[in-house]
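What follows are several structures.
After this come two complexes, each holding chain A, first together with chain B and then together with chain C.
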Partner chain A sequence: MSTGTSATSGGADIPSLKLFLISIITGLAAIYLQGYTAAYVFILIPLIWPAFVSSANGVRSLASYGLGTGTSSIGYWGTAVGATTVYAGMQMGLSPIVEISAALAGGAITGICAQKIIKMRIPVMVRESAILAASTAVIIRFLAGLFPEQVSLLFPLMYIAVTLAVLHPYNGSMGAGENQRRTLWLSRVEASMTTAVFGLVLLFIFPSMTGAGIILVSALGFAIFIRGWYRMVKKEIYGMSWTGFPAAEH
Partner chain B sequence: MLQLLLLGSALAGLLAFLAAIFENEDSDAGSASNPNSQVQLAPQIEHLHRYYNKAIAGEPPQNALWAALAATIAYILYSRLGMDPIPGVILGSVLGALIASLLQGMYGSLAHISRIASMKNFKQMLYWDSLLSPLPLSMTYTFFSALCLTLLSFVIHGLLGSPFPVPLIAMFLGFTLGAIASSTGDVHYGAERLYQHYTFGSGIAISKQGDIDVKGEYGYRNSVDTPYFTLRFGGPVTGLTFGLLILIDTLSRTSGSVWTSVILEFSIIALILIFIIYLEKYTRDRYGPFEEGK
Partner chain C sequence: MDPVTAMFLIIAGGVLVGVCVHFIPASAVGAMSASTGIATGPSMLSFGAGLSGILSASFALDSGLAAMLASGAAGSTLMVVLTILGGNLVNAFGTGVPPVSGQTASGQSVLGSSTKDAITGWEQKPFVTPGTDGHGMPVQTAISGVIGGIIGGLGGAMVFFGVQFMFVPVSQEAAGLSGMIAAGIFLINCVLPAYTLVGKTEGMFDRKMLRVPKTFLSCLIVSTFLALIIYSTSTYASMGAT
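Right, the complex of A and B next:
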């Protein structure tokens, strides 16, 4: 597995701390503005996408140390810490900042456990698992705020949908030619797909402008992001054809 | 009450059996099961392939998502539409499973294209037809497995009286089924005609491992051939494993004690373990010692 050594696309990797800071600022803004936007909450959807990107980058940083099939486990684990903290915090009526700080601490503690007890020997373990847990906590907190009622019914879907959106960008791009830029473009595509799914669920619960707006904003984002991602793919792929046989063995 | 439990157990067993067959075939159509590592490995040892590389996640998380999504939508629609329970649940489950299978198609296509793009150094081409022909097949299998798992969750919640909400049951069933299918459903690898001239028990050398993605009985192998093969053995075996697990668990509820199921399943596992240890010992004594694979 390559750790930031981009074989095909130039440029240094974006530091994960920078991505995390952006995601925390925009994410907290989105969470706190939820109360003021009422039915127009869909305009806040783009503010939550950086948190998906930051979490996907966390998975990438951890899994690029040769975890292979462990990529899914990292996604599970980080989201589990983030989601559990937020669900527990919501039951106790804590404020979002406390919940996210608790997720940050929880992520760091699990990272220390992985280093000291399981002895995983990944140098960025503590930092990245804290980032992963806190970023997913931001996402879950925002998504939970979209649904005023019946929210506990949606907890399983929220947990697993965010897990997939977070672990898939790196897992789906794995290979010798993987690089951060393309992986993060894929994570933007999947972030917009995930918010669209929750827009659809909201539309089924209350047919309203809010649900339709979330789907529309997500679809716009999807259209932009898929073009960006596909441009990267076309630049980096060996070749594309409608059909044919590999030359080497035929 | 007893009749309701018996009906629930029968339905649950049947649905679990079907869900597991479809799930296993979905993973084989998208090479999420054993050929997955081979698809990833094959280009690196110059075995360029025409396989659909549906690398979404491990089987447990992805199935949990399809099942949880289908069940959440089904439950919401069922409670909103105000229809009679049976048509309401069926209609909701069909719509939920449809949306889950669409999401699976999107995730699968993104993964395939992105993974092939990462194989540039090994000269792996992206053939659109090798993505587009297995894609509907894999989505159809996902539709059926998500549908069966959603109906199963409603049966467990409604007929069998589980206190947990339907989406949570569906998510855990998805995890369980994914874990079972990813281990049990993998029996096909090494059993093909392709490998049958190797000495029994010799294993398959690394240089031969990508063969499974390239060489078919006739011409290039593709992702539609794999379910054709696995539906004969891997699918039903997965169905049997998951179906029996659910059936024994639900049937044992008729005894009235929650521990009956635990004791029963532990004793079955112990019996199977003893049989397997005996079988392996017998095979090693009879055919061993095994040679190195060449």
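Right, the complex of A and C next:
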């Protein structure tokens, strides 16, 4: 289906495994370096954005086959596997690698159930389910580590915010002419917005320069990504017209 | 109760959650009154019902398992019933279409060739708008939704109780954390049946009800995996605490 070559931008899609490997390497580096950077943790923010891109690509790969359930459901589901294993793992102080591996296994097991028992006949089901669950686990683990102490109250917010950033890029771009490059540019935009939200939350709960730094880095990323995304949109659309109030009303 | 029983409670709850999705009538095209069922995807609707169940179960946290199960089932059922009532009101007085089961009207439900409502015996066929697959939630569909709400609420409360029981010795914020993890398990088990329902179900009289064994097995495997993670987590943490 639409996971082949892109419709309008030319060139083949980036393999999801490649995106996942990048996200795991940068994501784990970001998680482990959190302990060393202390107040300067905001410099690690760009390292977590690839995990958002990898997750959004997982949703795209799965949802482009026509699941029968909504695109939003698969985003909620993927983040549920990632978040549940990370929250449970954090409770016992597990290593992030173990938590992410458990999420990877959880995603794969669910994918196998969908493929073998429910007989979904989606060739990428197992791989993409595992990638989606593990990438969201990386994001949740990093975001939870931004806070100096465990703030359980923020767990639901973390869950919903990550879910939206993961499911919306494909949901917002789908339709005729959807292609991986544009969807992933939107994913980068939403990744920077999500990290900015948590910078703001951190600033409110534990006022310090760290929260302000996260917002600043996220805003810089947003400025770059929104330009890239808008450039792609302008390149691929037929025309752009103002749809506000008709001229007669002015 | 011992942790192993709590683990089995999580597994049983997860399976009940999966089965409940088959009972709750939902259809995305219901938003255009073009199909019988509440106007949203089955998994999202069941998740909403499940969250209401977990929330109401948490009010009975200190009253024992029986009260928690009853509270969870009541909360979840109330959510489904109110949604059905709201949907029917909009359909009847807003869109101007009566609640009618499309599958029963076409003789394709589990009732066989009968075109009458299984509970009231009211004829369905004359009320279907041509070009649609029914609209609203007739009595048999609404009753199915109530049963689904009860099953889902029970399942959600069982998972919540199981997780909470295991986390109390190792966490000071056991209730909040258990609620979040229970919601996660609920969501995972909600989406799996949605694959078999392909975005639409009329509840227990829908022919897709025959696919429940597939849902049962899938949810059993996934819930067992999750329950094992939670069990090992709590056991390891309590070993570290002592």
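Simple rule for what comes next: the second predicted complex is superposed on the first by the 235 of 250 C-alpha atoms of A that agree within 3 Å, B and C clash if a C-alpha of one lies under 4 Å from a C-alpha of the other, contacts with A are read in each partner's own complex, and residues count from 1 in each chain.
Here is the rule we go by: a residue touches a chain if its C-beta (ideal position, glycine included) is under 8 Å from a C-beta of that chain, and two chains touch if they have at least 3 such contacts.
Computed from a predicted model, the values in this text were never measured in an experiment.
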On the A-aligned overlay, A:Ala219 touches which partner chain: chain B = first, chain C = second, or both, or neither?
neither
Look at A:Leu154 in the shared chain and tell me whether it touches chain B only, chain C only, both, or neither; answer first, second, both or neither.
first
Pick one for A:Gly106: touches chain B only (first), chain C only (second), both, or neither.
second
Is A:Val124 touching anything from chain B or chain C once the two structures are fitted on A? First, second, both or neither.
neither
After the superposition on A, what does A:Ala114 contact: first (chain B), second (chain C), both or neither?
second
Of the partners chain B and chain C, which touch A:Ala176 in the superposed model: first, second, both, neither?
first
Is A:Trp242 contacted by the first partner chain B, the second partner chain C, both or neither?
first
When the two structures are laid over each other on chain A, which of chain B and chain C touches more residues of chain A?
B
If you stack the two complexes on chain A, which partner ends up touching A:Tyr87: first (chain B), second (chain C), both, or neither?
second
Kindly classify A:Val201 by the partners it touches after superposition: chain B alone (first), chain C alone (second), both, or neither?
first
Taking the two structures together, which residues of chain A meet both chain B and chain C?
69, 72-73, 76, 150, 152-153, 155-156, 159
Under the stated contact criterion, what part of chain A meets chain B in this complex?
7-8, 69, 71-73, 75-76, 150, 152-157, 159-161, 163-164, 167-168, 171-178, 182, 186, 189-190, 193, 197, 200-201, 204-205, 229, 232-233, 236-250
Partner chain A, residues of chain C touching it in the complex:
28, 41-44, 47, 167, 170-171, 173, 176-177, 180-181, 183-185, 187-188, 190-192, 194-199, 214-215, 217-218, 221-222, 225-226, 229-230, 233-234, 236-237, 240
Given the complex, residues on chain B that touch chain A span 40, 44, 46-50, 55-58, 60-62, 64-65, 68-69, 72-73, 75-77, 80, 99, 103, 106-107, 110-111, 113-130, 165, 167-168, 170-171, 174, 214, 220
Touching chain C in the complex, chain A uses residues 67-70, 72-74, 76-77, 80-81, 83-85, 87-89, 91-94, 102, 105-106, 109-110, 113-114, 117-120, 150, 152-153, 155-156, 159
